[in-house]
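See the structures that follow.
Each of the two complexes below includes chain A, the first together with chain B, the second together with chain C.
So, the complex of A and B:
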């Protein structure tokens, strides 16, 4: 499949998500207003006239196709509705939170991937040794310990007991930075613990994946031939074994982009980190449906984009996926 | 001497304890500019040898000695091996489809060893790989392609170019023709043959493709269950195999020139984790003696051929020298004497199927009767397993005669019509006085089962006239088998049967011959029929053997006028 076709498929997927996002509240029992406004909350509107006015305000009295048209137009121009809890545009909230999550997840992804690739390949190279067996056991353990438990332990140790790192937040409240460097340092200090927790949470599964994929590749005929060619160990290990193990690894990254966001919800909550995860958590607690929907849309878009990027990388990495090929 | 392999042993640990000896004491050498083939069945250890030569087995698995220009390679560190691999000894691997890394361009993979071994720059290495590609018949576009874009034949060539890249002293080709269609195989063989003629390199061809080995090598070593059983010049070994295994292997190989049906070697190769004691081939060997079960035969020089066999190779089972027989017509003058057989000389080897073909009255039945001792010859002698049958007397003669059984043309000649089936089959045992009555009964039942007849009381009680022609012929065959002979002489065994029954009995005869490892002399006028199972054909005309040769040669290139006449007269449909 070419790049263009892939892009089209992703756009189509995004449109389906958009439509689901529109249809789901309307398919629920009652009307979207009932879904928007929880009867048990203090915001619930009892007066039918006010409800009708509200319905008119939100355009719910229009025919469905018109509603859909307005909804699509709004979504594409960045109008995701207003938060009921904070009475601010959802788009504004998301724009404020998204960079923090991207920073957190991106950092964790980068470190966990790099570590997994290095240790996984080395472990596979020495398969059966005590180091390999130890690493495999440790990563199975790591992959199964709950994220918040790891985060809590790190927080207790480095934050509460040693007081090396801040306990919460994305930056020091009310701080004024004399320079960009100072700002970066402060944000970095706040990033360390949550990013470390998320890195550890992702590391176990990634390590096992790289290690097992590499073990399989080491058994391939072309590895034997590469050895027979008298190539140096580094070339065999990195140039051939890891290079081929990258293919399943990138596919895994694409498939697990969504999982990274889920992990982020726990961690951002635990560390009071001002990202999307915490926004979702807070909105769910307050039943702030417009924010939940908006955040869901944005997260979907981010995950799809990540998938698309992973696909592009796979295409670069694996010539067998390319159409037609380079013969000529 | 460039490459010297001495007593190479490769042992793999199965579950940490049990050792699997894949290669057990193999020795050979390879001089520059010469070529050696290693042939054998799948699992004989061929690929294990190839990998041992490049040090690709885990350390500690390989024992013995591999010397390259006098330098010992066994036990070298991975680092030291690295300098030997590809630079001195290169490999064209067996698994063509998966031997190239799927993510790199073919050209880069050919250039890779050039960069690491010779320190060429990327551009220089690419230039060199273009030259190599030309040499093996690939175009620049093939180098720019990824492995999955090439056909099997192109990949094989790319692997060859890769192996040649550092101009190695020894090139190991592991099953170079496997998985190739016939046309690309032919082109590849031309290419390899041309490479061989360029000289300089020592070429080791490991293959079960005997024709490829015949084409590419000067010497050949036959590998069986991790051991060499025969080594010699390729043309001689293939023309005149001396070890029973080599003989069987060659007969199992299908080539265009063989008119005969394929035959396998009876039994199966041994489990490498649990090889049989003594000679590893003895359970499948037709001539195995007690010593073969106990002692491992060493590979020794027997008349210029290296053979691992206690008996010195394939044995001659029966030899007839200058047999003569003249019949005088009753009451006639001496001039009216008929010379039925004139100076007939023939050999039958262990486990061989020989056909004696000739028209009616050519003397073939007379010759057959002299061979089995039914008719005393006027001159010449018959030697069975090294002892002269024609000179033996009394008990010795009886014992020797039981080693050869005759199946006569007309089954009614063989058996008395008064006897029941049980009695017919048991009679030879009664005459020879073998075993207790119970043992005889058991042997009778077993023989009947072997020839595909029921051993029910009802059937055992039948008499000859109650049986069909095919059934009676099988009873006669069972009768011949109860004495466990080494040779069966079958005189027109199927001429009285209809075509379908003919085919069944001939196939049965062949099957029993293979399974029991007996030799078979098939006397027949029907060249079309016997060529299907005969290893060798003798043509008889007016009491003389006028032509003798491998079945396929006789059928495709007859030399004697009379053979040609017989061939032309053979039945043809359409």
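So, the complex of A and C:
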């Protein structure tokens, strides 16, 4: 599959997401706006003038295709509706929250990838040793334990017991920073626990992936040839084994983006970290439907973009994929 | 069947223990989990081994009855996921051609959707009853199973004895039931166990986020209420309120995962070498 075709598939997927986001509240029961206009509901608005005004305000008096058109146009121009709870544009809320999540996920992605690549290769190199067995068992454990459990344990240990690190939030409330450095340090201190949780949550699966890919590569003929040529051990390990293990690793980065988002939702909720996940949690609690939908759209867009980027990197790394045909 | 490894036994024992607790809940639980059997927020005592929650319900009884919820979800959502995956994957693999193409594009599309946000969206608008949660989880998790089933069906369909059976005039249904289904049996068992584990994690996660059935006292809901208490971590109350449900969920998921790893190893002998 070429770049164009991949881009098309992702755009199509995003369109499906947009449409789902439009249709779900209209098809399923439990829409708060529908409840205002439904005589059988307890939230029914009795004043007919107010009812008409409400329907007109939310565009519910128009035919469905027109609503859909307006919705698509709005979504594409960054209009995601207004929050019922805060009476602010959803887009504004999202813009305030997204950087925190990107910071959290980015940090965790970086550290978990680096750690997984290093330990995974090393573990495969010494497969069968007690260190390898221990790491594999620990990773199976890490890959299967729910992320909120890991977070809770870290929170209890470092936050509540040892009191080394702040329990919640993205920075100290009402703090005035004398310098940019002080601000960065404060944000960094608050980032440690959530980022560590997400790193650990992703590390297990990534480690197993790298290790297993490397074990397969070590059995390849070219490794034997490289060894026969008398290449030094380090060159074999990092230049040949790790380099080839990068391909499946990058190919799975896309799946890990979705995993990171799932992790972020739980971790931000647990640590009261002011990102998108916390926003989703708060809106769910307050039944603030426009915000839930807007956040869903933005998160989906980010995940799909990450998937697309991972695909592009795969294409650059592995020329076989570019030829099309056989592999694509 | 190859010899089962130690971790599989560990998983099986944990699962059996959890099932026993679920079945025997009325016998084991000291109180009705809904009854207000003590003062709010009591510390552990002889009467309430794990204390009481914020409205005075016995936490140990809640915990014991919670096993029923998680196992129901595991069983129902696991079965739902596998049935859907079997149906779509089986059809695609057996029919081939344009139907296969269309169904697999659908699977690809669904696999690229971010699951948790979608799950939250569905749960928000579908309502938060337990049956809805199970339905949504099944609906979102089937594509993985479908893909694996399709690959296996495709390879079985090409085998000599299956082609022979068709030549002798066996109907499609007969071939499917007699030859294909037994060949993908182990795969189904593996799919069932892994999707059951994912379903347990997701149900607890949804309840934790406040999208669970508020009338069903599940482990996830217990965690939510515990975390809702202001200053939970300032005392050691989390020790008997938050930790037990979190630990139960984790152990159940781990048990299912370990059984899954054992089954995977039996399915694919190449893996056995790799894991060792």
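Keep in mind that, in the parts below, the second predicted complex is superposed on the first by the 304 of 328 C-alpha atoms of A that agree within 3 Å, B and C clash if a C-alpha of one lies under 4 Å from a C-alpha of the other, contacts with A are read in each partner's own complex, and residues count from 1 in each chain.
As a working rule, contacts are C-beta pairs under 8 Å (C-beta built on N, C-alpha and C of every residue); 3 or more make two chains touch, one makes a residue touch a chain.
Since this is a predicted model, take the numbers as computed values, not measurements.
Participant: With everything superposed onto chain A, say whether chain B and chain C fit together or clash.
Facilitator: Chain B/chain C on chain A - fit side by side.
Participant: Of the partners chain B and chain C, which touch A:18 in the superposed model: first, second, both, neither?
Facilitator: neither
Participant: Does chain B (first) or chain C (second) touch A:250, or do both, or does neither?
Facilitator: Touch partners of A:250: none, neither chain B nor chain C.
Participant: By residue count, which of the two partners contacts chain A more extensively, chain B or chain C?
Facilitator: C
Participant: Could you look at A:212 and tell me whether it touches chain B, chain C, both or neither (first, second, both, neither)?
Facilitator: It touches chain C, and chain B stays clear.
Participant: For A:317, select first, second, both or neither according to whether it touches chain B, chain C, the two together, or no partner.
Facilitator: In the superposed model, A:317 contacts chain B only, not chain C.
Participant: Can you pull out the angle centred on chain A between the C-alpha centres of chain B and chain C, to the nearest 10°?
Facilitator: Once the structures are overlaid on A, chain A sees chain B and chain C at 70 degrees.
Participant: In the overlaid three-chain picture, which partner chain does A:195 touch, first (chain B) or second (chain C), both, or neither?
Facilitator: After superposition on chain A, A:195 lies in contact with neither partner.
Participant: In the superposition on the shared chain, how near does any CA atom of chain B get to one of chain C? Answer in angstrom.
Facilitator: In the combined three-chain model, chain B comes within 12 Å of chain C at the C-alpha level.
Participant: Taking the two structures together, which residues of chain A meet both chain B and chain C?
Facilitator: Correct list for chain A: none, the interfaces share no residue.
Participant: What part of chain C is in contact with chain A in the complex they form?
Facilitator: Touch residues, chain C against chain A: 108-109, 112-118, 120-122, 124-127, 197, 201, 204-205, 208-211, 223, 227, 233-234, 238, 242-243, 246-247, 249-250, 253-254, 257-258, 261, 274-276.
Participant: If we count contacts the way the header does, which residues on chain B are in touch with chain A in the complex?
Facilitator: Of all residues in chain B, those touching chain A are 51, 54, 56, 78, 81-87, 90-91, 93, 95, 98-103, 105, 112-113, 116-117, 141, 144-146, 148-149, 159, 162.
Participant: Which stretch or stretches of chain A touch chain C in the complex?
Facilitator: So the residues of chain A in touch with chain C come to 9-10, 12-13, 16-17, 20-21, 24-25, 28-31, 128, 136, 140-141, 143-146, 148-149, 152, 155-156, 159-160, 167, 212, 215-216, 254, 258, 261-262, 265-266, 269-270, 280-281, 284-285, 289, 292-293, 295-296, 299-300, 303-304, 307.
Participant: Within the complex, which stretch of chain A touches chain B?
Facilitator: 220-222, 224-233, 235, 240, 243-244, 247, 317-320, 325-328
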